[in-house]
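Think of it as A, B, C and D in the order they're written, each chain with its own count starting at 1.
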Amino acid sequence: MSTIRVTVWNEFVHERTNPEVARIYPDGIHEVLARALRQQEGFEVRTATLGEPDHGLTDEVLRQTDVLTWWGHAAHADVRDDVVARVHARVLEGMGLIVLHSGHWSKLFKRILGTSCALCWREAGERERVWVVDPGHPIAAGIDRCIEIEQSEMYGEPFGIPTPDDIVFLSWFQGGEVFRGGCTWRRGSGRIFYFSPGHETYPIYHHPQIQRVIANGVRWAVPQGRPYDTPRKTPIEEAREPIVFRAPSVHDSRGNLAH
Amino acid sequence: MSTIRVTVWNEFVHERTNPEVARIYPDGIHEVLARALRQQEGFEVRTATLGEPDHGLTDEVLRQTDVLTWWGHAAHADVRDDVVARVHARVLEGMGLIVLHSGHWSKLFKRILGTSCALCWREAGERERVWVVDPGHPIAAGIDRCIEIEQSEMYGEPFGIPTPDDIVFLSWFQGGEVFRGGCTWRRGSGRIFYFSPGHETYPIYHHPQIQRVIANGVRWAVPQGRPYDTPRKTPIEEAREPIVFRAPSVHDSRGNLAH
Amino acid sequence: MSTIRVTVWNEFVHERTNPEVARIYPDGIHEVLARALRQQEGFEVRTATLGEPDHGLTDEVLRQTDVLTWWGHAAHADVRDDVVARVHARVLEGMGLIVLHSGHWSKLFKRILGTSCALCWREAGERERVWVVDPGHPIAAGIDRCIEIEQSEMYGEPFGIPTPDDIVFLSWFQGGEVFRGGCTWRRGSGRIFYFSPGHETYPIYHHPQIQRVIANGVRWAVPQGRPYDTPRKTPIEEAREPIVFRAPSVHDSRGNLAH
Amino acid sequence: MSTIRVTVWNEFVHERTNPEVARIYPDGIHEVLARALRQQEGFEVRTATLGEPDHGLTDEVLRQTDVLTWWGHAAHADVRDDVVARVHARVLEGMGLIVLHSGHWSKLFKRILGTSCALCWREAGERERVWVVDPGHPIAAGIDRCIEIEQSEMYGEPFGIPTPDDIVFLSWFQGGEVFRGGCTWRRGSGRIFYFSPGHETYPIYHHPQIQRVIANGVRWAVPQGRPYDTPRKTPIEEAREPIVFRAPSVHDSRGNLAH
């Protein structure tokens, strides 16, 4: 198997402003995720954060990234629109994308999915149980019936997403809610996995099974085919079946649209 | 059955700049479409065009619109971003949207679907045959096995769209291509139907069966439920199951996110 | 709106053998459901039960049925295979089908979906909360955020179904599970809605909101288009584009397959 | 990468009864397919045919098969129902299934999908063009824009299948039809790919690009996760959240259903 190049992106704000979060993630959420992913065979992992030039997501970095993971919460609005557009385009070309927890509210996720991506939430430190609903899915590999998370932020329905291709996990919350917390979509040639657990005030990304799901997601999201390479004018003389031009037309002789 | 309020939107450019198009649609594509839809029982139809203030799509117009049809080709770039955002939001709330032909390349369609929406094309005046692939779908009601269009613009695969919920029609082209020309999606509480025939240099919107499909699409796209009304913070004391707050938190006592 | 002809089918076993069930449904589950549906404007409701000749599901009854609701639990094996095949064929033709609760394990449901349709279960009289996850769906009309059921049988994931077209409801259970309890599929020209609440030892079908969901489901499942009418040999001389026969062939001159 | 164990199944009738077919496939379609697949790195390929005991599909063979390919045409009715049930169960457990051409009409395909699986057809030796509509899909790897097949049997819409998860290929036919000829579904833990080209009177399975697609399909269909292992009664004392039994019940103290 060839190398999987992963870039772990993190806004890296709360770890530097909130003592509780700093205690759990002294080097940032990205470092905990990157360390976990580096233990996977064949993974080559780098990190990038909001504060770096271009948020660390230059064209070159993206071209060298097979799968990007995204965590943000406090600073969605600070992510530059042109960087969002660049990442969006790269996903359509085939780069995998793993959106984590509050990343549901990022510009990027909303741009790609085209819906509100809104949800209900409650930060009470309650219990969450993440159920496998699709045992045959590779993202569920190695996970038993469910993952128990003793303290979590509640995310609840209705979640404003397009119908997922696959629902891998559904979450149960102590306070009475349910949530489609593990969903996949394909957009262009790219694969997208959203995974909801991961509130920064709890040590969720230290949980081995959560790390396993994210690693599974990365493997699943590796580019599989080639980019879509449309649109393109198809000249009449190159038609697969012989045809001749029949008037009228709004295009000039070069095929450009006349106004 | 209650009234269905339809707004037919047209950029209305080529009908005023290209004599061939003007001959076929002297009052604009929107007028031909509006006349056809007005013959449907219970339809109340207005039109709006690019040149009107706010492109004719004010908040008030959109609030009074159950289903919007969209035709544009030459002037996609001239549609204001804030109007696109307003229409997008209204679709997520539940307004139906029928995107016609070159509207596949509109800002609106691309924003809602989140993909390239690119396709192959060739303007040769060739034959198109629109096959019903889903006879049980209400949008195919009254259409026999296929619709024959003697002269059409070729639109070909790969079409850069998310997997449709339903494919109602597939097109065959004389020059050798195929196309997913009749597709539906749900986004938020809104229903979207894309229908590809309709190049402006041919009298396609005068075709009774094409008019029938568009009318079927409008009926199908009528709002069915209520808008998504998330996100909303769900206070701990309103949890359905009794829970108590367990620290820590990144929110202050009012539930606002602390930076 | 034209009349919707509903047939409410019930195996009608436990109501006659179990005193608790008899107390809740003295005339059978079908009578409670039929009474509720008869209050809907435009509904014409009949019932049918396992013990009737042909289980009450003759060709004639099915031809006169727009939507069939199905409840069974103790006697799935007693449903005749030829009746199952007849109902299955009628669904593909366009008849709507509402499968209720333990009907997930019926021959009919498994035949139509082609998967195990298995699930986890526990009969403890625990609390269930049925969440609306798709507020824009017509089957959720009139239902607020969720339906509270004080005593229910737990049905849990993984539920062995094909990916639903729409998930309208997700259930939360007191004992810690979640379940995709309100799902739709289209098969042939027929619409299918599975709705999980309804264990016979609790008065769930007396609940006004449960009745509302089932009525919504019936309205949604009304036949929309025409039946699929394939397969059919398409003679060469009737091809839409002129073609000539080119050998070889495994069919004789009448188009029959030669062995 | 570990070995992929493939079983190529063929009814093997027309190759022995029709001289034209025998000329193209002197050792049977299965041998041509098996030879092509054996050239793929890591593939371990065996064949099985209708005439063998148990049609060559014993429990042991199926247990040792990761992906099964299926070709039948003249003798669908001769396939034993118990073998169909066995293969069906194995697919739900995770075995991949590639259904080829006239296999659309096999008992197996119809049982798994639950729909008519009917289509239009015409055997005129006309041209078919298989278009890639999903360049990002692994089953399209190595295939350019389309595959040209000079002589083919026409298969046309409406094709009586459930909405596919992915449409990888769409076919164009010289006589004027279109067809969803390359479709995928997941059922239970198994992946299914239907690929339509392959009429036995033309040398379609000798075509390198057709062989490539089938090899891609096999790779894609390899089991990914674990089997669904429901249903199972979940005892009250094993509930993840502490609950107590509240009467009434239709089950006895051992959890068996009382009639």
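Following the convention adopted for this analysis, contacts are C-beta pairs under 8 Å (C-beta built on N, C-alpha and C of every residue); 3 or more make two chains touch, one makes a residue touch a chain.
Since we're looking at a predicted model, the values are computed, not measured.
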Proportion of interface numbers common to chain B and chain D (over half same, under half different) = same
Query = What's the chain with its C-alpha centre farthest out from chain D?
reply = B
Ask   = Is the number of contacting C-beta pairs greater for C-D or for B-C?
value = C-D
Key: Distance between chain centroids, defined by C-alpha means - chain B, chain D (Å)   = 36
Note = When centres are defined as mean Cα positions, the distance from chain C to chain D in whole Å is 27
Query = What whole-number Å value describes the gap between the mean CA coordinates of chain B and chain C?
reply = 31
Message = For chain C, give me the residues that contact two or more of the other chains.
response = 129, 134-135, 156, 158-159, 163, 165-166, 174, 176-177, 186, 188, 228, 240-241
Remark   = Contacts from chain C onto chain B in the complex sit at residues 1, 94, 129, 134-138, 140-141, 146, 148, 165-166, 174, 186, 188-190, 223-229, 240-241
Message = Going by the contact rule set out above, which residues of chain A touch chain C in the complex?
response = 129, 131-135, 156-159, 163, 165-167, 170-173, 176-178, 180
Request  = Using the touch definition up top, name the residues of chain A that touch chain B in the complex.
outcome  = 13-14, 17-18, 20-21, 73-75, 88, 92, 111-116, 118-126, 151, 154, 156, 158-160, 162-163, 165, 174-177, 185-188, 199-201, 228, 230-236, 239-241, 243-251, 255, 257-259
